[in-house]
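What follows is a set of notes on a single structure, which appears directly below.
Chain nomenclature is as follows: A, B, C, D, E and F, assigned in order of appearance, with residue numbering initiated at 1 for each chain independently.
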Amino acid sequence: MIIDIHAHFTAPAELFAYKSNLLAGRGASVNKFKLKDDKIIAALNEPVHGGTSHLQQLKEVGTDMQVISPRPYQLMHSEKPEKIVRAFTEACNNLTHRQTQLFPDKFVGMACLPQNLGVSPKNSIEELERCVKELGMVGCLLNPDPTEGMGPEPPGLGDEYWYPLYEKLVELDIPAMVHAAGCRCGRHDYTLNFIIEESIAIQNLMKSKVFKDFPTLKLIICHGGGAIPYQIGRFVAARSKRGATPFVDSFRKLHFDTALYTQDALEMLFRWASPDNCMFGTERPGAGTAKDPATGKWLDDTRPLIEDIKALNASDKKKIFEDNARKMFKIKTPVAA
Amino acid sequence: MIIDIHAHFTAPAELFAYKSNLLAGRGASVNKFKLKDDKIIAALNEPVHGGTSHLQQLKEVGTDMQVISPRPYQLMHSEKPEKIVRAFTEACNNLTHRQTQLFPDKFVGMACLPQNLGVSPKNSIEELERCVKELGMVGCLLNPDPTEGMGPEPPGLGDEYWYPLYEKLVELDIPAMVHAAGCRCGRHDYTLNFIIEESIAIQNLMKSKVFKDFPTLKLIICHGGGAIPYQIGRFVAARSKRGATPFVDSFRKLHFDTALYTQDALEMLFRWASPDNCMFGTERPGAGTAKDPATGKWLDDTRPLIEDIKALNASDKKKIFEDNARKMFKIKTPVAA
Amino acid sequence: MIIDIHAHFTAPAELFAYKSNLLAGRGASVNKFKLKDDKIIAALNEPVHGGTSHLQQLKEVGTDMQVISPRPYQLMHSEKPEKIVRAFTEACNNLTHRQTQLFPDKFVGMACLPQNLGVSPKNSIEELERCVKELGMVGCLLNPDPTEGMGPEPPGLGDEYWYPLYEKLVELDIPAMVHAAGCRCGRHDYTLNFIIEESIAIQNLMKSKVFKDFPTLKLIICHGGGAIPYQIGRFVAARSKRGATPFVDSFRKLHFDTALYTQDALEMLFRWASPDNCMFGTERPGAGTAKDPATGKWLDDTRPLIEDIKALNASDKKKIFEDNARKMFKIKTPVAA
Amino acid sequence: MIIDIHAHFTAPAELFAYKSNLLAGRGASVNKFKLKDDKIIAALNEPVHGGTSHLQQLKEVGTDMQVISPRPYQLMHSEKPEKIVRAFTEACNNLTHRQTQLFPDKFVGMACLPQNLGVSPKNSIEELERCVKELGMVGCLLNPDPTEGMGPEPPGLGDEYWYPLYEKLVELDIPAMVHAAGCRCGRHDYTLNFIIEESIAIQNLMKSKVFKDFPTLKLIICHGGGAIPYQIGRFVAARSKRGATPFVDSFRKLHFDTALYTQDALEMLFRWASPDNCMFGTERPGAGTAKDPATGKWLDDTRPLIEDIKALNASDKKKIFEDNARKMFKIKTPVAA
Amino acid sequence: MIIDIHAHFTAPAELFAYKSNLLAGRGASVNKFKLKDDKIIAALNEPVHGGTSHLQQLKEVGTDMQVISPRPYQLMHSEKPEKIVRAFTEACNNLTHRQTQLFPDKFVGMACLPQNLGVSPKNSIEELERCVKELGMVGCLLNPDPTEGMGPEPPGLGDEYWYPLYEKLVELDIPAMVHAAGCRCGRHDYTLNFIIEESIAIQNLMKSKVFKDFPTLKLIICHGGGAIPYQIGRFVAARSKRGATPFVDSFRKLHFDTALYTQDALEMLFRWASPDNCMFGTERPGAGTAKDPATGKWLDDTRPLIEDIKALNASDKKKIFEDNARKMFKIKTPVAA
Amino acid sequence: MIIDIHAHFTAPAELFAYKSNLLAGRGASVNKFKLKDDKIIAALNEPVHGGTSHLQQLKEVGTDMQVISPRPYQLMHSEKPEKIVRAFTEACNNLTHRQTQLFPDKFVGMACLPQNLGVSPKNSIEELERCVKELGMVGCLLNPDPTEGMGPEPPGLGDEYWYPLYEKLVELDIPAMVHAAGCRCGRHDYTLNFIIEESIAIQNLMKSKVFKDFPTLKLIICHGGGAIPYQIGRFVAARSKRGATPFVDSFRKLHFDTALYTQDALEMLFRWASPDNCMFGTERPGAGTAKDPATGKWLDDTRPLIEDIKALNASDKKKIFEDNARKMFKIKTPVAA
């Protein structure tokens, strides 16, 4: 069975018309978002980016199940007033939830949080609890920079500023997936910003005592860990100078998805992070849903690439494709064939 | 012959006492920096970071020649008033120059520029010309963010804002090495900032028409291209959507050093950038001058790693170790044995 | 024949999904908005705010024709970068245009401009020309505060800052309708902000020499002139002190719509502005599409209220309902029955 | 008997020389303001704006008594340091008090508060108590924007930020008159700013639970309620959508003065606010003390206009001219003839 | 004959009521200041600070003539909009002028300039010309910091920023008296700020090439040169290091008043500045109009102190009391008895 | 015996290389500063500013002992993050301490504090205690403006903001020497800034109740009290107006060094401050180590100037040169010969 742990929902246009209204009204009056099931179902069956529908795209690459969350780059964490962000967050979570109810064999839900520029992570706890306890979600997105590049930058993920959220994650026994939202910088876009924020998150966490204080905390770093595996020598060197725990050992306290689109990158990830800490993830349909001009194949169809890696044995692959995710997210159904 | 194109000078403490005075005085009175040769020579022969002297460290790993520039993280481009940055820049360039005169077989000089927060790149042209025409330097450092993270961020390297400098580089027929200076961000340090800035530089340049406007411009991206080779699938996908020149083809218009400290990273770099665009570089003594806890070897002694790569043939290796650098920097002497 | 000069289009949700994408991407990549006619037609025939469809609502109150423009509160003039505002502006204008083509007897088009925080009004001229010359539009919206309350406030409408736009309006011989967009203030909402901005516009214009410099400039102040007719005594007094042209005479150089929802307000408007300067306008469907709890009637069905005003004769009413608009917008078809 | 509840004192120039000294000294040394009675009496008997003296102007229009307060536009609430604002506030209140002692049959006192940019309303309570308990004042001015347009804007009057002041008003059983002070905006002046602030105050209060939390709180909105009566249809519509208390019912929880200078505006006010909630007020001598070019009459001589309104019966008029004010301010003397 | 070159006018309270109105109105409407001669004359004959009238105070200490200017700490150069500063400046200059006309034997006029935060010194030239050519004034005040401590600080007086004004001063052949206005700093007051600004002015001018570029420029530094004569050793040392013109020689290119209130300070001033560059000045009535608790004498009655200085001969004293001022200001009448 | 209480250490260049590293790294990693004794000793014996070595310069002018502290203008109190300032402070204090250990007959130590922009004085207490209790220091520097002119300005020294530090000084029974650090202003330099800050400190303290609250607090104002003795008449006048303690009496609650370089300035200081409150101080080698062009003598060799002052008797001179310092700093050894 193939579980794709990094996927974002395909939503009907009405969700974004709702968002536009929130932004235009700037909180003057905030209504709840409502949507009929037929619109939700239609959106998943209509052609999207890539040419076929969301559900078809899963079939095409043989993905059995997805852990879905809202599109992070739409989460507008830097907008004000806070209540419009909160309203959109709830709308997104409700929609995710409804999709998991309508397609219980296909989708498992991951929450987004009402993070907001200048607002404490504490303010996200209530919605997190609602999503887990009432909507049955199995994890949440965590944006390390709710200012979306506007600054002033928030404390790093290694700072105690984030501890209230970590405590709740540990209590609920669910993982957070570190994934930036939008990006207001002019020189680079949100796509590269994901990579940058993941790199910063890792460096900051590695310098901190977070895993000493929360030994059971589970953090998933997206896109194969940003820049770190490629540049790992620098960090190995910096750590060796101080005679401390080798960097690679610390690095393996983190978890990673495989949202990388070249085979050598996937191999590099498994080498440094070990297959024990990696879970299959593609974002399909998403940033990688394009055909490689060299091969004519979908770039985000990475299952064959992984299956082809010599350094992995069958057990490694099963962990990556299924077992690690089942354990991390406590996915019990459907029983694998 | 082994040429290391990414190296920073080892300077006597007096240079930094001078810098401290500039900063403390904030430009109230600015004197020229003067230093006797014996201090310069002594500094290169005294133990530094890593345990032996700069000159010994070259011998230890078999490096024949280095292209040296000042330590970028010391360049204080975000300080004010501008004249203290300019004074320190000149002091650095003069010291680099003197080292190349004292050790003409060992060192070739690369200039730093008086870049400064809020100051146009045009203001760097005069010093660049002095360094090339009077001091015989063969390239220069280029900091894509002279605000050192203070913001507001400058235009990206693909912006016409930088064109006056590109014009001069083309006219002088020398390369610029893209290398950030310090970093005032709280979540990450200057080391990771180098990687981030290199990644932004590449994305920004790839979206621009710089190489259309300056076909002979030579830009060297440090540290093996930041995060891009590892994440290249994302960028291939983004480009393929638009039916344009394949991303990899554009990417190969750039040049790269090999300042990476693991073999798989080096292989990855050569695969995507091709050996034709890579030059041996280590920063030794520097960030990688530490022993790998796993092997006990110097992390920045990467020559053996490269020599060991199966995918490279002898000609590739010679290009990487010597020929590309000779051509790029027009190094004629000493004649290789 | 009844012409409603103050109306905003009813757009399919896809327009706002497009807008959300622009905002989330912050200009990283900007695509053109495309929409099929069947979606456009469906949107005008589906129930909206008020319970019936846009087209039905016109029928219900006997409106024959509307001058339509985009919903101003959605125009996001304070967002950055400018290009996302420009892209959305063009999408809106193209949609307006398509509606006027699909329903040539019902709709006449009024453009919105790509106004943007900190950006000169000059930058709106090109799009204005496109809308008038290529898309056949008959006027445009003019937002006096593109900062949407973020500040620093722009120069008032009486300032020469706006002259390039006034020159173009005079050259094209079309009116501008003064109508604010969104509002980021925390104490009041965009609805009241329209009234405030109209009041400021009038005071500022009355103190200026705009109509001396542009005697043929036509400016339409929405919502019956904001607060001014009710508070006109203060302004009459302030003007009388200086022995200048009586305030009411100056005031009548402006044009007004009748987007007021009580009869005494309509009477007050006609008294001070004179029927010669007023045009029927309702925004239906819009802010007034609600039933008066006292009477059970639609508040924005103001035609009967106007018809009932004793102080107006038949000619006055015809001017208000039809003739002034025909002249102002040069509407020739359809020939009134 | 005619009571004018909206009047501002006529002060000797020495008060403003004192203010100039406070501003020039910026709090370096702050002395108490002292003034002899003969200067106070002379100022009330010398010609002012309008051509005759303050006392004569009352006689001319038949006003028997005025509730006087300082000129709001002079209150400099946005100046720093706070202590100069406080010193001027005390000087003003002491002068008001002295006028009420010197002319007990003519003047009743209304306090101003030491409101200041960025300073909590709590800091006004002590001076309010002094004015009511020691100086016998019967109400106070309340400025909804002590930043005088400099921003960032304070919370709206419906916010709990203001509750400490509301509690004290209820405890002392006196009304507050909502009246802005100066205005630092460039596009509009303090005169129009009064109207804008009153409109914002009403919208904000109507959306709040202030009158639920303080059922006996008495707030007087100046200048006939700003823009709201004229635009009331918009607010009726917005409220009707939510099936709540009709807007007009809520609106009548407020009190209003009649500081409007045209008859139709006065009629409109009485229609929507009801005569029960309106009190005669003119600001004479003040903004309306000018002759109407059309009629040659004083614009602020509005008593005849009110007396002439058909829709009011004798009892209504008595309420407006006298009874409502007597009750609101607990004015017992002089006994009406 | 005794000429006091540092004196500020005594103005009627109406001037400051006018100023208060300007500040409260923030430029909404700006009227000219008008005042009758009887008020002007009365103000000079009524008791002021010190207990007797301005004219009596001159008599008491034997001053024959004063060069009067407005009170600098009242000039509000940091207020906005600029036009209110300009209006007050004109009012002050007109009042100074009228005093010189009413008391031609007592008063000679010195202008103030409409300097304003963020506004170029160029904008002061027109008013300076009016004062000199039309009102017969003999010099002007020059405030080195029109931000009044709000910052960002303007360029120093040695900067070319001020050259347009220097050119005009040279052309008109009149001196400028360097005198700060108000001070918004919290730690020190305007009195000490005068001393600070004079010290900064001197240091900045001494480091500049102003007197090389304008050899005939005449600048008078108030209050005996701030802190410099007392601390002159530091500056002598700093200059000696560079083998340049001795500091004291440069220092004597400036002119000074004697507004110091102790004998040793006066001696020190004459020693370093030389009697050739000093002119009697007291500010009486002003900051020094208080009785010395030790001696019971007026502190600003410094004539006896100067007369008593052994190091001065009769010619020196005549220069200080009369000749230098006559020459500097071209005062011809009255002929000394 | 001659004790010079105002002296700054001569440090090896390595201290400033360490500082440069701290600044360049911006706290990414902070190591302790270490230095061998031979470098420390060498630095004190090598020629410095002035031409001979630090130790020689003392001999040349006959100084027996110095109270040494770090160079204040190097203390970088306005840099961020705080930890780099703290690290440099500790390095300086440790170096001062080591010098006092190596030369116990020559040097007594005075601490610098880790003051930092926006950081409470409380944060300096721990380091102060370490310096006094563990390193045997006898006083500390106190910078009244840790923003170094960047603003916003901190509370004045008379404010309770500083009380925690005053409490600790009183408890430890040691004096603080008021001495500014660097200066980021553009118009004046750190040298003049010392004078300005001392003047502000005095005015602020004189207006406060600090010496009422801390009767035994000992504050030393450097450079002979800035501008105050020269301008003392202004302050005498200001105080006399209020019938309070004469200014001179209050002024004598402060202590002063004699770091002035002209004889008349020294005389003036002793006159107003009295010899009881003055201690010999020269900063040699430092700002005054230059030869007077007039006399050819070292400007900072002020001992002969003081010895030559007629107004001082032998006891006064002994107090100034030795006794006051011995008492203030509790210096017991060496026993004077």
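In the analysis below, a contact is a pair of C-beta atoms (placed from the backbone, for glycine too) under 8 Å apart; a residue touches a chain by one contact, two chains touch by 3 or more.
Note that the coordinates shown come from a computational prediction; the quantities given were computed from them, not determined experimentally.
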item: Chain copies touching (chain C, chain D) - same or different residues, decided at half shared; value: same
item: Distance between the centres, which are taken as Cα means, of chain C and chain B, whole angstrom; value: 57
item: For chain C paired with chain F, centre-to-centre distance based on mean C-alpha positions, whole Å; value: 69
item: Chain centre separation in whole Å, for chain E relative to chain D (CA means); value: 44
item: Length of the line joining the C-alpha centres of chain A and chain B, rounded to whole Å; value: 35
item: Shared interface positions of chain F, touching two or more other chains; value: 186, 189, 191
item: Chain contact topology (line, ring, star, complete or other); value: ring
item: Chain ring listed from chain B, with chain F in second place; value: B, F, E, D, C, A
item: Residue numbers on chain B that touch chain F, as the complex places them; value: 12-21, 23-26, 28-29, 71, 73-74, 76, 80-81, 182-184, 186, 189-191
item: Contact set on chain D toward chain C in their complex; value: 144, 151, 153-156, 185-189, 191-192, 195-196, 199-200, 203-204, 223-224, 226-227, 229-234, 236-238, 240-241, 246, 248, 260-262, 264-265, 267-268, 271, 287-294, 299-300
